[in-house]
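Order as written gives the chain letters A, B, C, D, E and F; numbering starts at 1 within each chain.
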Amino acid sequence: MTDLVTFGETMIRLSPPDDERLETTTELEVRAAGAESNVAVAAARLGTEAVWTSKLPDSPLGRRVTSELESYGLETDPVLSDEGRQGTYYIEFAGEPRGTDVIYDRADAAVTTARAEELPIERIRESEWFYTSGITPALSDTLEETTEELLRAAREARTKTAFDLNYRSKLWSPAAARETLTGLFEHVDVLVTAVRDARNVLDATGDREAIARELADEWGFETVVLTLGAEGALAVHDGDLTRQSAFETETLDPIGTGDAFVGAFLAKRIGGGDIGGALEYGAATAALKRTIPGDIAVVTSVEVESVIDTAESGISR
Amino acid sequence: MTDLVTFGETMIRLSPPDDERLETTTELEVRAAGAESNVAVAAARLGTEAVWTSKLPDSPLGRRVTSELESYGLETDPVLSDEGRQGTYYIEFAGEPRGTDVIYDRADAAVTTARAEELPIERIRESEWFYTSGITPALSDTLEETTEELLRAAREARTKTAFDLNYRSKLWSPAAARETLTGLFEHVDVLVTAVRDARNVLDATGDREAIARELADEWGFETVVLTLGAEGALAVHDGDLTRQSAFETETLDPIGTGDAFVGAFLAKRIGGGDIGGALEYGAATAALKRTIPGDIAVVTSVEVESVIDTAESGISR
Amino acid sequence: MTDLVTFGETMIRLSPPDDERLETTTELEVRAAGAESNVAVAAARLGTEAVWTSKLPDSPLGRRVTSELESYGLETDPVLSDEGRQGTYYIEFAGEPRGTDVIYDRADAAVTTARAEELPIERIRESEWFYTSGITPALSDTLEETTEELLRAAREARTKTAFDLNYRSKLWSPAAARETLTGLFEHVDVLVTAVRDARNVLDATGDREAIARELADEWGFETVVLTLGAEGALAVHDGDLTRQSAFETETLDPIGTGDAFVGAFLAKRIGGGDIGGALEYGAATAALKRTIPGDIAVVTSVEVESVIDTAESGISR
Amino acid sequence: MTDLVTFGETMIRLSPPDDERLETTTELEVRAAGAESNVAVAAARLGTEAVWTSKLPDSPLGRRVTSELESYGLETDPVLSDEGRQGTYYIEFAGEPRGTDVIYDRADAAVTTARAEELPIERIRESEWFYTSGITPALSDTLEETTEELLRAAREARTKTAFDLNYRSKLWSPAAARETLTGLFEHVDVLVTAVRDARNVLDATGDREAIARELADEWGFETVVLTLGAEGALAVHDGDLTRQSAFETETLDPIGTGDAFVGAFLAKRIGGGDIGGALEYGAATAALKRTIPGDIAVVTSVEVESVIDTAESGISR
Amino acid sequence: MTDLVTFGETMIRLSPPDDERLETTTELEVRAAGAESNVAVAAARLGTEAVWTSKLPDSPLGRRVTSELESYGLETDPVLSDEGRQGTYYIEFAGEPRGTDVIYDRADAAVTTARAEELPIERIRESEWFYTSGITPALSDTLEETTEELLRAAREARTKTAFDLNYRSKLWSPAAARETLTGLFEHVDVLVTAVRDARNVLDATGDREAIARELADEWGFETVVLTLGAEGALAVHDGDLTRQSAFETETLDPIGTGDAFVGAFLAKRIGGGDIGGALEYGAATAALKRTIPGDIAVVTSVEVESVIDTAESGISR
Amino acid sequence: MTDLVTFGETMIRLSPPDDERLETTTELEVRAAGAESNVAVAAARLGTEAVWTSKLPDSPLGRRVTSELESYGLETDPVLSDEGRQGTYYIEFAGEPRGTDVIYDRADAAVTTARAEELPIERIRESEWFYTSGITPALSDTLEETTEELLRAAREARTKTAFDLNYRSKLWSPAAARETLTGLFEHVDVLVTAVRDARNVLDATGDREAIARELADEWGFETVVLTLGAEGALAVHDGDLTRQSAFETETLDPIGTGDAFVGAFLAKRIGGGDIGGALEYGAATAALKRTIPGDIAVVTSVEVESVIDTAESGISR
């Protein structure tokens, strides 16, 4: 039986090397990147039977995506299509004040036409967990419907559902996001959100703990995980609050940090860990991710545990 | 005064190095590429005051295109737009029997919305020549109209018009191309076409000479240039036929060979050369192009003339 | 059910770029490479449910191997070990008369200690086909025994067995190879061998057809496939002889050509094809392989069929 | 009408990648680099009609320079010559205590023979501003004369003149520089200098403000801009003093910071900005430059304004 | 006459670029690396007539080692062998908490079979100094004997002997190291050790000074140098204690820092410097090394002296 | 005792990768290159005790040259100077009709000031052979004198002298070359020249054999070697004529082919080989060189002999 199915868009990420500008670069580095596959890979590498599904063009570019994801040990089960593009995004890394900049080129991607009936919905029903994020319904009206149907199908089949708010201002406004996303919350067991998005999109108020408790109460989530950037994370689960600080890290590539956190959190929960252990596992994996080029946490459980042990023992390596 | 204005889409060309497959590559080489800018650059480098116009996204990707074109000495005068993508294409180079493969990702490019009234139509009217190709009207209904309007405006202003049939089977069928393109022919002074496309798209029959004469007669072109691949080219101009054989070349990158030919042909004509000299100049530039990576003929007139002189003197370098 | 299990060593292949010498290179390209995984990947890409098994160090280097193989769509099922190295080989590409040179650094690889009882022998028993090659028993005494046990187990379970002679003069002498390999032949259904090795190692005499028939008769193989380099291949199957010429190809990297042939031959046979179709499929895949960098035939069935169709129709692309 | 003409040497900059040593590198990165073209590019990108003139060899190396400069949107108008080399410089980047090291190889560059009468002096006369720096007269006796003539011609035509002291200890001694440069000051409206050079070359004494006021008084400059490294800049203009602190930045490549400052300062002044706005614009552009590889500030006005706005609002991005 | 002979293994170091993971890299950077050749190169570059000896495979890989070492100005005098591998090591650079990781692949290297009688022992006898480290006897029983014989031969010939403890936990346990290494101490004049190894391997107790004095007393070393990482080094020589703080440095590649220190220390001693001068020279060279990619201190004496002068004058460059 | 001393300029060779144009390249490959060091390296690798001397700037660029040369096993003994540049040359590789193009940037190189009295003339006197080429006296008046003095000194000391005409049309005219070079011939034992240069520079007439005999007779050379490109070489030695055909080769980089020939020819002569053996050795080394990137024949005697043996046995590898 599958432990975790995730659904969402995976793009080809194109980035100039060595902080070169997009305007002048003669070369682009190529990687697969997408929130839901990032989560699935992190979970898979940490012991979970994880499957990622999506809709991809039946082309070398679509194969570029599955090829890389499978190289990390992930099972992929996408629908292949003759219509729709392969979504891409360009990322220009730079120090401040230039700052890292992202240009999406994901309109009309094949995934935007994915309907629930063509996706492997039986695998979701038979899986222990299902995960998607707030990026998916933002991509098209069809995907808004599909996301709702998949979450509903999962819940009906007693598959646990996890959902990361993942607000993207380049895709929609806070108000539009709020309306769509809150409509999905009735199907969600575990909500993950950056505290900033909780305030900005969900109009949450008060301090962090109050926000987590209020979200849990208002929408009836079993678990609410609030990510706090450099200050770690906190969770309210069945009314109990747990805090986790962040592990120190030297950042090479910050993209995908949140997904690494969620993937490891889910892996630990699926493996029977309690909320505290899962937050700690998530935070350690997130710290490792930031040292790794690309969106994806190419880690091992030995490495994650070593980060936790080293920090606990107070010994710097 | 401008000698030549060209109008059309310029894409970002992405290619894996060293015959690597798109499915597995970790790197892509980046270049600007488009038939009409290829022609304009070749002409500009060979002494023509050439301007390329188009519609581009106002983004680093749009600037990537103008930046590279201007590096070759071309003047660019594009409309910048907040709507529409930057078109791209992926090209996987390979020996036979794998063969080089192209994947277009140009749908919904900004240029597909370009209307005549937003383009620098006055520059076309004041230019000596105007050039576009059969790719342009294939890209959108809007561009079909725009192409017709620009050609018409040029002719009304006594700007000479040159048009390369440039049939692309990935964009439309021969029948659709025929219907649209022949509708434009009344505005065209100089038609360039591969003999293969003349047969396949225009239903031309007979031997090469017959085809050239028949096209000239049927549509009233001042000049018809038929390109013959490794066998060179021939032209019918005011009823006279001229033949030009191809120069020997070691091919590194064949893309853009035809555009190099046309750009050099126009440069020579604009500079007052006769048809024979222009064909020879085109053929020599085309031979040089094939030794140069990328779509664009980064050549000098000294080099083109050296190719001609060396071949004439029978001395191998 | 699995269609094909292959067993053998996969190395990390290290090669200087651009014909640079090993003595002076500052950079090495890294790829996974091994006859039995090459065969499994080719078969998997052409529609076969293929699994590769081996013994690998439980290290980043071992994971480098499985990571790349899985990126091609292959299922891997290796034993992981704390003992034994990751085998490597260095390859220096060069034109003649320098010639391409290989340096093996595979002694004491983890796989040399692989015993049948630790390998997934049940998967072999339940598979339709099992494949290994003459490289495997050459690597260690343990592997000589293991190869014999796996072939025996396969035959006992009515799993068909295919075996490529794959003589490597850097591993053993013709005499040593003959003694060991002929001892395995009683467990082999399909023998593949280069005609040169048949002569040199198996002391076969006569012309090609005679050699194929003689091998089939002497050892009772159901099928004997003789590969002939640029002259293609021929097979004797149930007493019938079939010939296949080679497809023309521009060679970028010849390593793995034979494995691509065998993988595609097996894929076609497993899919129900007859011997002639399988030889043709193998020859077309081999031709494609030579245009692809690395040991592995990263192809699709569409591409293989296109090679066959193009050649049959006499149309050059 | 042209807003700004700059005159000076642009070299080819050669640098080993990744902090490799020149002694051992097998590869060099290639860029165009020169104070006066750096200034012109920065100004051009921020809205100024800027032209750079110089004298270059009529060779691929000379074209390498103009090609790159034009890719940034700069107009170039160099004299081409059959005599004289293309100047180059080698730069080895390194952390402390090794430190970044520069080796000039610019002796006998074509530009060292440039006489005023062969340069496009009419464009200077018709331009709003003219800029050169203290590097130019240091390069040859001819250039010392030429610099004087160009500045004089500009002033006679009521073209405003800006001059950056740009002392280079590898080219001349402080005493030699003082003698030559002060001889030019009568033709200069705006003097820019690092406070360190003011002290070391011009023998200025006192605190920063005193130095700026004293220089303005002594030589009658309309504006004196003193750059202070990490502490920003200050200016005395018509007797009024204005201060500007530096914007925080993560430095990737510090070369060209001062030129980015001057180019943006001039762009703002040319566009009608006051001294305070011009200093702020300069400082923000300088901060951006330090995040960009190469000598040149490949920025947009949107980016520069965003740096200013972000800093003013006190919000870190 | 030779000033210094060193003996030990030099490996080929393979590292993924740009903090990429070994598991996913497609490229490895190649360098020569080994404690004893690192020391010899540093000494040679700082004015010492140094020779490195070892045993290498007579292959392109063995030549890769000598080729690179000789490029730094080192004389190499290895035995070439048809048996034994070329040792390699893989190094994956990463920020914390991932951390840099090393995988040795050095078992059965040719050097592990090196016997004293095949090595150029006469050169050691005729040299002023001989150096090896605690890595060498850890590599094989043969090398344990050989190390003892070479040190003994040196002492008998009044060649001064220097020995760096260089404990490697991946090669042996502290107890095994202690037993072997202390057996060699009777032949050693100058012992260098990290204070951490002195405690961990030699069971030294007390503060740093006490440890240095105790080691000197217990084993009769003429000089004991204790390296203290970021806190510099201290030495006890003929009963006198000297301290040296570390020079500030921006670390690009820390590997080989200790060897750079020892090589420069020996160069200064060989050139007649006192202990204090040698420690200072060592510390400055170590600081430079950390800015240089690779294991080896590619420095000049001018650079080392500049580091010392700058620090002494309190002027930051 | 040294077998061979060579004297001449070694440049830094800068070439764009992958047939990119100099005008557009962002990267240059760096190598050491010079006729006389090319000869010395080839000879050294084939068993000769060879030393190369020259005059170099005392800079990282000068060290770049010696570092690379020593990596090939050559002993270098240059004078280091604070005056004069490091000569460079740019080479743009391309297929026909573009063709490979060279741009020298070697004016005012340090070597142009080298006087005999500062060079290690004693090493020449004590060497068995001395070699320089017609490039050296073309570089400056000083070098014309120096070349004459070194050749004279060699002859006086009974050191054999070999001289390659090496006419370079970018350095001087045939008439100037003839005047200078023939003035040196009285000091030359072995003259090597391309037959084309013999005709063009020395005004030799008749067929090849006649030319060789005539040169030997007219100037009293002990040996005249005429190189004939793809047709091999011939020699007249003590009145006897010997012919050698060229070995087949796949050309990657033709630069340095002649130097490889001469270095191997001299190595064989120095080792006691007869003229026929030396020509064969030269031709085989030249064939290998063409498969190796860079100017230098990084070969081994095993490889050279293998080329000869394979060709003799008529077996293609």
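In this text, contacts are C-beta pairs under 8 Å (C-beta built on N, C-alpha and C of every residue); 3 or more make two chains touch, one makes a residue touch a chain.
This is a predicted model, so every value here is computed, not measured.
S.K.: With a step meaning a move to a chain it touches, how many steps does the shortest path from chain A to chain D take?
M.R.: 1
S.K.: Which chain's C-alpha centroid is most distant from that of chain B?
M.R.: Farthest by centroid: E.
S.K.: What's the rotation, in steps of 5°, that superposes chain B's Cα atoms on chain C?
M.R.: Roughly 120 degrees of rotation.
S.K.: Since chain A and chain E are copies that touch, is their contact same (over half of the numbers shared) or different (under half)?
M.R.: different
S.K.: Have a look at D-E versus C-E and report the one with more C-beta pairs in contact.
M.R.: The comparison resolves to C-E.
S.K.: With centres defined as the mean C-alpha position, give me the chain C-chain D separation in Å.
M.R.: Roughly 63 Å separates the two chain centres.
S.K.: I'd like the Å distance between the centres of chain C and chain F, where a centre is the mean of that chain's Cα atoms.
M.R.: About 47 Å, centre to centre.
S.K.: Starting from the mean Cα coordinates of chain E and chain F, work out the distance between those two points in Å.
M.R.: 40
S.K.: Chain B: which residues touch two or more other chains?
M.R.: 21, 23-24, 26, 67, 71, in rising order.
S.K.: Report the complete set of touching chain pairs.
M.R.: Contact pairs between chains: A-B, A-C, A-D, A-E, B-C, B-D, B-F, C-E, C-F, D-E, D-F, E-F.
S.K.: Touching residues of chain F toward chain B in the complex: what are they?
M.R.: 18-21, 23-24, 94-99
S.K.: Please give the residue numbers of chain F that touch chain D in the complex, ascending.
M.R.: Those residues of chain F that touch chain D are 14, 21-31, 59-61, 63-64, 67, 85-86, 88, 90, 92, 101, 103, 105, 107-108.
S.K.: Flag every residue of chain D that touches chain A in the complex, lowest number first.
M.R.: Interface residues on chain D, with respect to chain A: 17, 71, 247-252, 284, 287-288, 290-293, 298, 303, 306-307, 310-311, 316-317.
S.K.: Sort out for me which residues of chain D touch chain B in the complex.
M.R.: Residues 66-68, 70-73.
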